[in-house]
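Please go over the structures that come below.
Heads up, the next two complexes both have chain A, just with different partners, chain B and then chain C.
Entry: the complex of A and B
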């Protein structure tokens, strides 16, 4: 009894979580012009409010308690009933904390980063709208509400990538992101329709309860999960739909940090974790996910080596890390994947914000060949960036070490090939991240005189989020200590209610022995250190610089050009569609439709002109016409 | 009953004010008076009754349409106080006559006896003849008044003759008796001919083709405010009276005369929409638009026995509000530019974006585009007609509303795509108030049609 009462009191804070950013968005879009720089603070406070409510829920919900409530009946059609409701459980709580917590820090950072921009209030209103939709996505208690959030974040992502809409390249990048996401969304939608068709409901819990009767690998489950996974590949930038994410770096850097590193791109993983029992019952799909994840991870990491734009390096690194998370899902290790989502959110947000601070100091320069030696002039940025780099490279005891190690250990249990490839990918990651670090912060300054004078540390509103994130990146890994440290894996314990059911249906592999775990950790650390040393010798000792694009040859040229995937897509998909639409324009639209339409218009117009002649203006004629029609009517009436 | 009495009193009172040299108080008096009458009228809701030896009957149908008629007159009176402000020495005449139009309208809505029906129509018509010619020094206005009078008296003659024939067949003017007779086994040709003549007169009043010829000339020549008044009040009241008349005789008229109403509906739709295409004058355009709207409403009267009156009320409300809103803006434009052609609106979108947006909204409302009331008005009529099996009629209706969009858009295109002329448009506060009132209401009932359709 006490428990239910307790739960009921928590509906209000749960409702407030999405309402805060929605209010923020409304206020900013209605009164933004008058608010000026205040708008940044209003937006940040809105997110802080959501964050505090999330903490309230986090403290209030105990054990495996869930808060599942409906706000109104949304769609009623025949047997199908879809509610607009929220589900707060351990899974959504983790995401809520990440989204609102990091979201708040990034809002704060943006106040400093964007304060020269003329679109300041517009930026914050979009940002608040994004957080609102992201919260809907995370909190929805069925696939339909999740889909609203899913589409909403896609829209905001589009708006924010094209934020500086005067540059046509940025607009193209925004359109590309939108279209690629639409391809994935189509899969997601088909999956949703299939769910309605077979289960008659979209409610997460109802679907899960109905799953008990299904065999592993039942064709319908494989189909549904594959479709949902296609949706996830779009949103989370996996092969083959990943090319929009690097282009999405056209948006302001805080956007890259919030949307394209920490939150939106992990929506695909969240969605799969949400449906974990569904996926656990479809091992075929899991196998495909594993293949796609490993391939994406390796592929993107290789491209990352040859990128010279500071944000592009981070973008490919994000794609690669997302691949790692999908690989974890493919191995059936949903909670490990989620662990990495969390730590990745910390250090990748930090890396992007640090990159933003560097760009800010350099007056907008993004090419790492024109930086160098920045560690002296922007100390806080340097130290935090270093921590994040250590974290992503998987150096003990930083956050990335634990989460990455956990996934690698799971891979070692299930599939040796996957383990080997993921390890290589991790090595490459360590290499290109330290290449970035060395080129930006060490050696001689290679920019212009003017830039050298302009160099300065960012204001406190920007460095404060960096420091908080640095702490999280450094210690965030302790939420999930591996078994060898003889302590509880807090995250797994916390998430246990979510994944218990799917644990029962996945094939159990005997756990690794402690010596094996030590060995794996040793290998991973050694490999990372080797990579760092290699990068050190190249870029510090030999003081090498990346070649100019024109001087590249052979394989490195192919890598620098991202394996020509964009060009390939352009030739194979975009151009044929353009040709077909040109053809349709000339043949169908101009020739047939226009002719039919214009001809109709001409005929109707001519009739109108003719008809007008009856209106002569002579009263006598009018009266005769009236009387004549009466006579005719009477005549007909008599005949009838 | 009370409504009618107080409305007449208000009319006389306005003339008394003139005599007492209290000219300044005339506009406030009519606005206040009509508001009070509106309240008195609402008071009769759910209190049906029959008065004056069953001459007049009050039902919810009467109250609802009365309310609409009073509201239209109120809006027009507000606009008129502005419109006639520079012709002050006659304002009491115009205002009083307008009130008498409303009296006639109330009789047409509440008649239970054909004599009262005739008196109502005549009160309304004669007042309007005078109003149409109320610009005494304008030849066009004079022509309009005279043409209207000439043709109107023709129609009145038919109406009177029709009523006389019906009396000859039944020895009664009382609607109940007439209804009884119509339900009987044998109906004499005399009675049917009488019915037919009354129908002709009603077609004339609602300006349905081929009895529409007066409308464009009169609408163009009459003062703009009277055009707005005629095109809304007369049309709505005419249709309500028409609907009531058809209902009295149960299935007699649908059985005998559905073919005629169908034919007139189609003719009105075709004539109204096609002729409107070639118009350059805004008021003439509105006249043809009015003819086409008569066509849509006539679709609702085919097989009227099965048709809900709330659909006509809804349509009438949406149409009237859009039209008055459009005229509130148009009158300001006419006054500033001195021209009544569509080109007077050129470049309004640049000069005065708010006005242009509002006029666009009213035009979209008339064209029947959601979320404005015009859309659901058409939707109800079409869906009822489909349910009654009049598929071809609906097809004609939909095709002609497609043509309708074209000429309503002509005004919009003039505002946004044509280069602006120099004159600045000034719009008074009253006109703005009426405009916003109309727009808000049109949107409100467009989004929540059940506010009106749920009445009865």
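Entry: the complex of A and C
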């Protein structure tokens, strides 16, 4: 009794979580002009409000308690009985804290970063709207509400990538992101239809409760999970739908940090973790996810080596890290992938914000070939960026080390090939990240003189988020200490109520022994250090610079051009559909269908002209015609 | 009786407008349409409380052949009446800034059209229905002919003859049915209960279906539509696309299904396949359209194709989805054409390559336009999503592959709409471009109204589904 009372009191803070940013969006978009720079603070406070409410829930919900409530009946028609309702459990709590916490820091950062932009208020109103939809995505208690958030964040991503809408390239990038997401969304939608059709509900809990009777790899489960996974590949930028994410870097840098690194792109992983029992019952799908994840991780990492735009490097690294998370899902290690979602949110947001600070200092320059030696002039940015780079490279004891190590250990247990490939991908990651770090912060300054004078550290509103994220990137890994440290994996304990059911159906491989775990950590650390040393010798000792694009030859040219995937898509999908569009109009619509219609008219017209000839008006002709026809009629009668 | 009163107001308006002076015509037309809209709210209340009885009206009209003036309303009819009476004030208001020649005649025709459309949606006797069906064609013909662009004479003639040819098929069908019924009647209640044998339904189905398919239009009966939408005056295009095409989709539910349940079943796969092909076909063509109005015309073909496909799944979700989408499409397409009109009035062109950079000049207009576009591409929480969701689900249930093919509309829709929006609205200021003056009060009212409706129906679609649910259940009992 006391418990339910306790839960009821938490509905209000739960409701307030999405309402704050929605209000922020409405206020900013309706009264934006009058607010000026205030709007940045209003938007930030809205997210802070959501964050505080999330903490309130985090403290209030104990053990495996969950808050599940419906707000109103959204669609009710026959099979389609869909409530608009929220589910707050341990999984959504983690995501809520990440989204609102990092969201708040990035809002704060943006106040400084977007200070001079004419679209200042518009930027914050979009940002608030994004957080609103992201919260719907995370809080929804069924797939339909999740889909609202899912498409909503896609819209905000579209608006924010194309934020500087005067630039046609940015507009193209925005459009591309939306359309590629929509391709995935069709898969998601079909998955939703199949869920309604076979389970009669979209409610997460209801679906999960009905899964007990199913065998592993039941065809319908494989089908549904595959469709949902297609949705995830779109939103989370996996092969073959990843090409929008590097282009999405057209948006302002805080957007890249928030949407295209820390939150939205991890929605696919959240969705699968949300349906973890469903996926655990479909090992075929998990196997495909593993293949896609490993391939994406490796493929994107290779492309990352040859990128020279600071944000592009980070973008490919995001794709690669997301691949790593999907690989973890493919191994059935849902909680490990979520752990990596969390640590990745810390250090990747930090990397992007740091990159923003660098770009800010360089007066808009993004080419790392034209930077160098910045460690002296922008110290805070440098130190925090270094921490994030160590974290993503998997150096002990930074956050990325623990989460990455956990995934690699799981891969070692299940699939040696996957382990080897993911290890290579991690090595490459350490290499290109340190390549980036060395080229930007070490050596000689290679920019213009004007830029050299302009170099300055960012204001406190920008460096404060950097410092907070640096602390999280440094120590965030301690939420999930591995068994060898003789302590509890706090995150896994916290998330246990979510993943217990799927644990029972996944094949249990006997856990690694402590010596094996030590060995794996040793190998990973050694590999990362080797990569760093290699980068060091190339870019610090030999002071090499990446070649100009024109000088590239052979394989490195192919890599620098991202394996020509975009060009391939253009030739195979985009151009043909444009040609088909024209052909359909000219050949089918105009020439065939409309011709038939017009032909009918022409025939009628011609017949009219023909019969007119008979109407001569001469009585003699009519008489002859009459007599003739009578004779013919009589003849026919006689013959018959 | 309420049905007669609903009919009476626009009829009175059109008669009065004939004699109104040029200055008073617009306000007078608006006034009457608002009175009608308010009266509709009252009628809606009555329907919620007492059901359809208060709307029932029956009176012998002609003895031989036996024709009764029979009007009535159920949830489906009421939805169409609401759609009509909701959109007409917006359509009238949208023309307030434009100088129209012979303005009184124009609005008299528009009001007469209003009257005829309501008649179609409420008639329950086959002959009366047919009369209103044809009556609706006359005013729109003159509006498109006299107030359209330079091509209108040729285009309108084709439109007129094409739809008339379809209607004649239907008339022939009605006469055949009349001769066939035991007590010679075309009353809906008799036609929907005493079915002709399924051997006859097989071919009679097509007489009616073609008439409706031309009106909707379903591919391949659509070639009149893009040209007509383009060359008609925008208010005429709004009437055509927003309301008049719903005559076709409404008639599928009101007449085709109850009279020919066996025919529906027999031809179901053919019609659904045709409609699904039409969705993809029209969407693909829309991608490369260079004229804004034509692009919207093809997108409209794609949308109504989905409505037809869903209707023919003969499932509860399909029919409910069709009804939700009829209302949503009506609102969105009127919004789209209105935006096109605003652009045309200011820029003097609707060619995509001559437009651009409007967002810089008019951010509020850009925001409204974007919301309407999002409604058209079915973003969740807009009205377009719910209908499309239900329709696609019904198709998926009928046949997974057809559902998946039809589902490409959510991708292709995003392609052509966002491409259009980018070309028309985004980009940096071009020097030679005309300045975009701000929105007038009437434009703001219309845009705000439409945007509000888009969200209200997207968030609370049960307003529609609860209204139509009993009627749809009734229909499903007939098959």
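The definition used in the following text is that the second predicted complex is superposed on the first by the 582 of 640 C-alpha atoms of A that agree within 3 Å, B and C clash if a C-alpha of one lies under 4 Å from a C-alpha of the other, contacts with A are read in each partner's own complex, and residues count from 1 in each chain.
The rule is short, and it goes like this: a contact is a pair of C-beta atoms (placed from the backbone, for glycine too) under 8 Å apart; a residue touches a chain by one contact, two chains touch by 3 or more.
Predicted model only: the values in this text are computed from it and were never measured.
**Student:** For A:304, is the partner it touches chain B (first), chain C (second), both, or none of the two (neither)?
**Tutor:** neither
**Student:** Answer with first, second, both or neither: which of chain B and chain C does A:623 touch in the superposed model?
**Tutor:** A:623 sits against chain B, while chain C stays out of touch.
**Student:** On the A-aligned overlay, A:394 touches which partner chain: chain B = first, chain C = second, or both, or neither?
**Tutor:** A:394: touches no partner chain.
**Student:** Return first, second, both or neither, reflecting whether A:605 touches chain B, chain C, both chains, or no partner chain.
**Tutor:** Once the two structures are laid over each other on A, A:605 reaches chain B alone.
**Student:** With the two complexes superposed on chain A, say which partner A:140 touches: chain B (first), chain C (second), both, or neither.
**Tutor:** neither
**Student:** Looking only at chain A, is it chain B or chain C that touches more of its residues?
**Tutor:** C
**Student:** Touch test for A:231: chain B only (first), chain C only (second), both, or neither?
**Tutor:** After superposition on chain A, A:231 lies in contact with neither partner.
**Student:** Tell me the contact category for A:634 with respect to chain B and chain C: first, second, both or neither.
**Tutor:** first
**Student:** Jot down the residues of chain A that show up as touching in both complexes, chain B in one and chain C in the other.
**Tutor:** 601
**Student:** For the complex, which residues does chain A have touching chain B?
**Tutor:** Contact set of chain A toward chain B: 601, 604-605, 607-609, 611-612, 615, 617, 619, 621-623, 625-626, 629-630, 633-634, 637, 640.
**Student:** Going by the contact rule set out above, which residues of chain A touch chain C in the complex?
**Tutor:** My answer: residues 29, 72-80, 147-148, 151-152, 155, 158, 162, 165-168, 171-172, 175, 178-179, 182-183, 185-186, 189-190, 193-194, 196-197, 577-578, 580-582, 584-585, 588-589, 593-594, 596-597, 601.
**Student:** Contact residues on chain B for chain A in the complex?
**Tutor:** 147, 150-151, 154, 158, 192-193, 196, 200, 204, 210-211, 213-214, 216-217, 256, 259-260, 271, 274-279, 403, 406
**Student:** Applying the document's contact rule, which stretches of chain C touch chain A when the two form their complex?
**Tutor:** Listed in rising order, the residues of chain C that touch chain A are 158, 161-162, 219-220, 222-224, 281, 284-289, 315-317, 320-321, 357, 359-360, 367, 374, 379-381, 386, 389-390, 392-393, 396-397, 400, 403-404, 407-408, 410-411, 414-415, 418-419, 422, 426-429, 459-462, 465-466, 469.
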